C-alpha cells in the first residue's frame, strides 16, 4: 500500500463523489436538448442535493431503525464501488479489497438494502417497488457478472485494476467476446440505473415505477444520500464501461504525468458517454414492466454468449 | 493412535447419549431437563468443535462393540474433523437456543431430549465411522432419531405424512449406500476399501450407488421431495440441525467416497454431479421464491445450497480427474467453506423462524409482518443471516460464493471442448442462483419482519428469552466472523484439501483472500468493511456536522393516497408472482381467487412441485398396480392354492429332469 | 414271481387312482379308498413274504386296521351324519382331468426311469407308479369342491406314499411308520372335529364357503 | 442326555397336565412355569454343547450340534416369553371375545404340545421323526387357529390344514426317496434315516434321486416356511388365530421348517456337488421377498400385514442360505423371530385396544406407550432400521449378495423399498394420531416386548463373542 496508491485512491474517490452528480446532470441536460427542451442545467443535481440536505426529515410512523440506516449503507457501498473501479488510475490502494465479483456483490448489497427499506413502511408502493427491483436485479446481476467474467477471462484476473492494465496495455485488438459483453453491459447499465426502457427516472406512474416506488417515503437528508448514491452508482457503471471497453488513458502505476492526463481524458469520455446514453434513452420507449425479464434475459444471454465466444475463439 | 481430540469427541458423543437418557428418566421435572441438560449438551458441542479444530493428523480407535469380526472402527482425520467442527459449532448455538425454545414442549420433553441428543451422537459417529457397519448404523440412527423429532407433533396429519416420506426416502437412500459398501469388494473396513482397486465399470457402478444414496439424504434433485416436507415439520431447533448439520453428513459421505474410498475420479462423474447440483440449485432457488410458508421457504433454500455444494464437488472431481490439483483444491475449499457457512446461516434463520412461530403461532408469511418492532433481537440477527445467505459481502455467504466463482473462472482450458463450454454456462447458472437467493431473502425478511403486522395478534408478539438470544448471537457472530476473517478457517482447510486432492491453497496473508495469487484475484472482507464503514461514518458525521438532525414522524406519504392499512402490502404470493410467471412451466399452481363481492377477499396461490407428478405419483401408482397384480395370487380358493403347489412341483420336477 | 405280483398290485393302485379321479359319488370314493387300502395290505404282505422282513407284517397289520377298517368307518359315519352324497368338479371337467392325469403319469415314469435302474429291490418299477399315485391324488384334491372329498384325496395321497415306502425300500424304520400312522389318525380325528365345526357354522361342507379371505 | 429329555419332557408333560386338569385359575401361570423350565433346560443343554461339542444320544436318535441347539434355545425362549404375553392377553380375550374355559384348556395344552413338536423336530437325528414332528406341529396348531370358531378362523384353519398337510406329504415322499438312496450306501434299517450317518455318507448318495427328493422336500417343507407360491395358508392362519399363536407361528414354526429345509439342503448339496439346491433356494427366496413386499402394500388387516412380512423375511433367509451367507441367515432367524413375536405382542394388545383388526380403524396407539412404542420400534426393527439387529443381518445379506449375486440386488432393493413404504406407512398411521381406545381389563404385557426388543437392540450393536462363535460354528456346519 504505497503512499501514492493511497493518494490516488482518495483522489479518485473524491472525484467520483463530485463528478457523479455532474454526469447525471449532463445526461439529463443532453436528454433535454435531444427532446428540444431547454433543460435544468448541468448543475441541477447539485442544487437538488443541497436543498434536500437542508430540509427537515419526515419519517413514517411505522418506520424501523433499518429505514434510517439504509441511506448511509447505500452511500457507503457506493463509495466503495467508486473507489475500486479504476477511473483515473490503476494504482489504487483499496482495489485489492474487492475484485470484480465483489463489485457485483456491492451492487447486490445496495439493492437488497434499498429493497428492504422500501418494504419497511408497509405501503403498497414500497413492496411493489422492492419486488420489481429484485426482479430486475435477479437477472441483471448475473448479466453484469458475465460481462465482468468475459473480461477476467481475457486478462486472467478478476482484479479490476489488472483487467484495466491488461486491456489497456495490449495493442489494440477487437475481442469478439467483448462485443457481446458490451451489448450486455449496456443493457445492464440501463436496467440497473433505472433508466429507460426498464424504468423511467422522471416518472412517478404507479404502474411502471421501480426505483421511485422504493424511495417514496424518504425525504430530506436521507433522500439526498440516496439520490447521491444513485448518481454514484450510475457514475460507477459508466466508469466500469470505460474501464472495460475504452481503458486507454487511465493512469498506470505511480505515474504523475499520466494522472494529469487522465482527468481530462476521463471527463471527455464521460461527456461522450452521457450524450450516447441520452441518445439511447431518447430513441427507445419505456417497456411494459412484464417485458423487463425478457430484456434482462437477453442481456444475460449476451453475457453468456460473450463468455462462450471467448472459449470458442480463444479471444 | 488415540489422541486427546478423539477421546474428547467420543466422550462428548457418549455424554450426549447419557444426557438423553437422563432427560428421559427425569421427564417428570421438565424445567430441570431444559435448563440443565440442554446447556450441558451445548457445552459438549463446544467441546466437539474445539477438539475437532485442534486435532491434527489421523487418529484411529477400535471399539469393543460391533460385529464379531468387525468391531466398530473410529477414525478422526482432517475431513471428519472439519465436519465435526461444523457439527459442534452449530450445535453449540442450537442447543443453547433449544434450552429456551422447548419451554413450550414440556409435555414430551423426555422423549424429545432423548431423541435430540441421540441425533447429535449419531451424527458424530457418522463422521467418525471408519467401517461400513458403524457408518450404516449411525447413519440410520441419525435418520431414525430425526424422524422421531420431525413427528413430535404427530397429531397433525401433514406432519405424519412428512415424517413418512422423510424416513422412506432416507431408508431407500440408505439401502443404496449399503449396496455401495457391498460393491466395494468384500471387506467392510474403510481401510480395506482404500486398498481395493476397482475396475472402471465397477467403480462407476459404485459411484452411482453412493451418489444416489447420499444425494437422497442431501436433498438432491429429484430426490429432494422429503426435504421441504420434513424440515418445516420439525421443531425449529431440529429443523436447524437437520438443515444446518445433517445435510452436511451427506456431503461428507460423498466426499469420503469420492476422494478417499474410491480414490479415483472420472471426469464425467464430475459432470453428472455438477449438472445435478446446478439443476438442484436453480430449482431450489426458484421454488423457495414462491413459497408462502416461512419454514418451507428455508427448506427449499437448503435444497438450493446443497445444489451449490454439489456444484463445487462436481467441479472438484472434474479438476481432479484431469490432475489439476491446485484448482481442485480451490473448488474443494469453496465447497467445504460453503458447508460451514450454510450450517451457520441456515441454522440461524431456522431458529429465527422458531422464535417467530412461538411468538405468533404463524408459519404463513401472509399472516406475519412488522415483527422488527416487537422482536428486535430476532429481527436483527435474522437480518445478518438473510444477508449472509443471499451471498452479500462482507458476510460469510459471499466468501464461499466468491471462491467457487474463482474456481470456475480459472479453468485454464480443460482438455475436453464440451467441458470448456459447459463451465461458463454452469458459472452463469450458479450466478443466477445466487441472484435468486437475494430475491428470496428480501421476500423472507421483508415480509416477516418489515412493514406492518398483517394480523392483529402480531401486535402482542413477545421477544425471545435470554437462552434464545445466546443462540442467535453465537450463530450471527459466526456469520460475521466467517465473513470477515475467512483466512483462519481456510488455512485450516489446507489439511483437508491436501488429504483429499493432494494440494492446498497458497494463501499466506491473513488480511487478504487470494487463493491463487493476488494478481489474479484478491478479496479482503475486513478492508472492505473498514472502507465502507468509514465512508458511512464520515457521511454520517458530515451530515450531522453540517446539517441538523431533526426528524418528524408522520403517517407515510404513500403518493398521497389517503387510505393506508396492512392489507395493502404485498403478500408473499404477490412477492413471488414475477418468479412464478417467469418459471411458469416448472410449477403446478393452484390459485384461489376471491369473488368480486367478497368483503374480505383473500387471494392465495399454492405452488406444487411437479416432480411429485412426474416421478413419485407414477411410482406410487406402479406399486399400487403391481400390488393389485400380486394380490390376484391370493384369491381365496383353496383349490387354486393347491394348484399352485401342484404346478410348482411339476415345474420343478421338469427342471430336474 | 413276486415282482410280477407287485407290479400287478401297483397297476391296480394306478387304476384305482384314476378311478377316484373320475368318481363323483362320495360313497364310491370311500369304497375305492378302502380297496386302495386292501391293495396296499396285499402288496405289503407279498413283499414281506418275499423278503422275509418281519416288520412289514406289523406294518401290513397297521395298514389293515387303520386304512381298511377305521378310516373308512369314520368317513362313512361322517357322510351319514353330514349328509353329503355327491360332489361336483369345479376347476376342470373330468375328461380334461383324465388327460392331465395321463400327462402326469408320463412325467412321473420318465422321472423314475433313471432311478428305477438303481433299485436293488425286486420292486424297481414301482417308484414311478408311486409318484404318479401321489400326484394324481393331489390332482383329485384340486378338482373337487367338497371338503370331504378333499380329505379322501389327502388320505389316498398318504396311501401312495405308503406304497412308495414299502415297495421301493421295504418300508421305513418302524418308529417312523408308527409316527406316520399316529399322525394320520390324529389328523383324521381333528378333521372330524373340524367338519362338525364347519357344518355348524356354514350348514354345508361346500368349499365355496371357505373362499372368502382374499386380497383385492 | 438328561437335558434333552427335560427339554422334551417338560412341554409334553405340561401339555398333558393342562389337558387333564382343564382351565383353572393358575393355568396361565402353570403354562409359563412349564415354558420357563423348558427354557432353563434348553439353556443348560446349550451350555453343555458349547463346552463339550456336539452330542449324539439315545441310540443315535437325538443329535445336538451348534446349529440346532441355538434354535432350541431360541424356541424355548420365545415360547416362554409368549406365555408371559399370553397371560394378560388371553384373560382379556376371555372377557372381550368370551372364550369358554374349554377353549382355554385346549389353548393351553395345545400350546405346550406345539412347543414339544417343534423341539422334537429340532432335536431329532432321524429325518423320519423330523417329518412326524413337523406334521405334529401342524396338527397341534390347526385347532388353535380355529379357536374362535368364527367363519374366517375356520376357513383359515381348513386351508392351513389341507395345504400344509399336502405339503408335508410331499416332504414325506422326499424323505422316502432319501431313504431309498441312502439304503444303497448305509444298508437297510434304522441308520439310513439318521442325519449324522447321511451327512457322513452324503458324497456317495445317488445325485439323481437326491435332486428329485430335494424338489419334494423343498416344496413340502417350503410350504411350511411360507415360500411363494406355496405360502397361501400363512396370512390367513396368522390373522385368525389368537395372537400368541400367531407370534409363535411366525417366530418359531417357520424357523423350524426352514431348519428342516436347510438340513436337507446340506445333504443334497453334498451329494450333488453343484449349486442346484442353492439356486432353487435363491429363486424361491427372491420370489417370496418380492411377492410379499407387494402384497403388503394393500393390506387392510394388521395381523395379515405382519403375516406377509414374515413371508418376506423367510424369503430373505432362504435367499441368504442359498447364496451362502449362512452367518447372516442364522442371525436373521434369531432377530426375526424375536422381533416378529414382539410385534405380534404389541399387535395383539393394539387389536384389543381398538376392538378391530382393520388398519384404517386403529389410530393413536401411542396413548398406551407400551403398545404404541412397541409397535413403532418393532415395526422399525423389522424393516431393518439400525441399531436393531435385523439391520445387522440384512446388512450382511445385502453386502454378501452384492458380492456374489449382484443381479439379485435390484430385486431386493425394490422389495425392501416397497416393504418399507407399506409397513412403515401403516404402522405410523396406527401409532400416531388420536383415538379413544378401550381400557383393557388386564394391563398389557410390557416385559416380553421390552425383553425382545432389548435383545434385538443389543444384537444390533454387539454380538457377544460366545454367541458369535456359536453362530460361526453353525454357519460352518451348513457349509
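Which chain is which? They are A, B, C and D, in the order written, and residues in each are numbered from 1.
By definition in this document, contacts are C-beta pairs under 8 Å (C-beta built on N, C-alpha and C of every residue); 3 or more make two chains touch, one makes a residue touch a chain.
For clarity, every value in this text was computed on a predicted model and none was experimentally measured.
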Between B-C and B-D, the pair joined by more C-beta contacts: B-D
Euclidean distance of C-alpha centroids - subunit B vs subunit D, Å: 44
Geometric centre distance via CA averages, subunit D-subunit A, whole Å: 78
Chain centre separation (subunit A, subunit C; CA means) in Å: 100
Between subunit C and subunit B, distance of the C-alpha-averaged centres to the nearest whole Å: 69
Residue numbers of subunit B (touch at least two other chains): 628, 630-631, 633-634, 638, 642, 645, 649, 653, 656
Residues of subunit C touching at least two other chains: 111, 138, 141, 150, 210-213, 215-216
Where subunit D touches two or more other chains at once, by residue number: 158-159, 162, 166, 170, 212, 295, 298
All chain pairs that touch each other: A-B, B-C, B-D, C-D
For the subunit C and subunit D complex, residues of the former touching the latter: 111, 114-115, 118-120, 127, 130-131, 134, 138, 141, 147, 150, 154, 157-158, 161, 164-165, 168-170, 172-173, 175-176, 179-180, 182-183, 186-187, 190-191, 193-194, 197-198, 200-202, 209-213, 215-216
Contact footprint of subunit C on subunit B as seen in their complex: 628, 630-640, 642-643, 645-646, 649-650, 653-654, 656-657
Residues of subunit A defined as touching subunit B within the complex: 53-54, 56-62, 64, 66, 68, 72-73, 75-77, 79-80, 83, 94, 96-99, 101-102, 105-106, 108-109, 111-112, 115-116, 119-128, 130-132, 134-135, 137-139, 141-142, 145-146, 149, 152-153, 156-159, 162, 204, 206, 216-217, 219, 221, 225, 290, 293, 300, 303-304, 307-308, 310-312
Residue ranges of subunit D touching subunit B (in the complex, touch as defined): 158-159, 162-163, 166-167, 170, 211-212, 215-216, 218-219, 223, 228-230, 232-233, 235, 280, 291, 294-295, 297-298, 366, 380, 383, 385-387, 391-392, 395-396, 398-403, 406, 409, 413, 416-418, 420-421, 424-425, 428-429, 432-434, 460-463, 465, 468-469, 471-472
Residue ranges of subunit B in contact with subunit D within the complex: 64-68, 132-133, 136-141, 143-144, 151, 154-155, 157, 160, 163-164, 167-168, 171-172, 175-176, 178-179, 181-183, 185-186, 188, 623-624, 626-631, 633-634, 638, 641-642, 644-645, 648-649, 652-653, 656
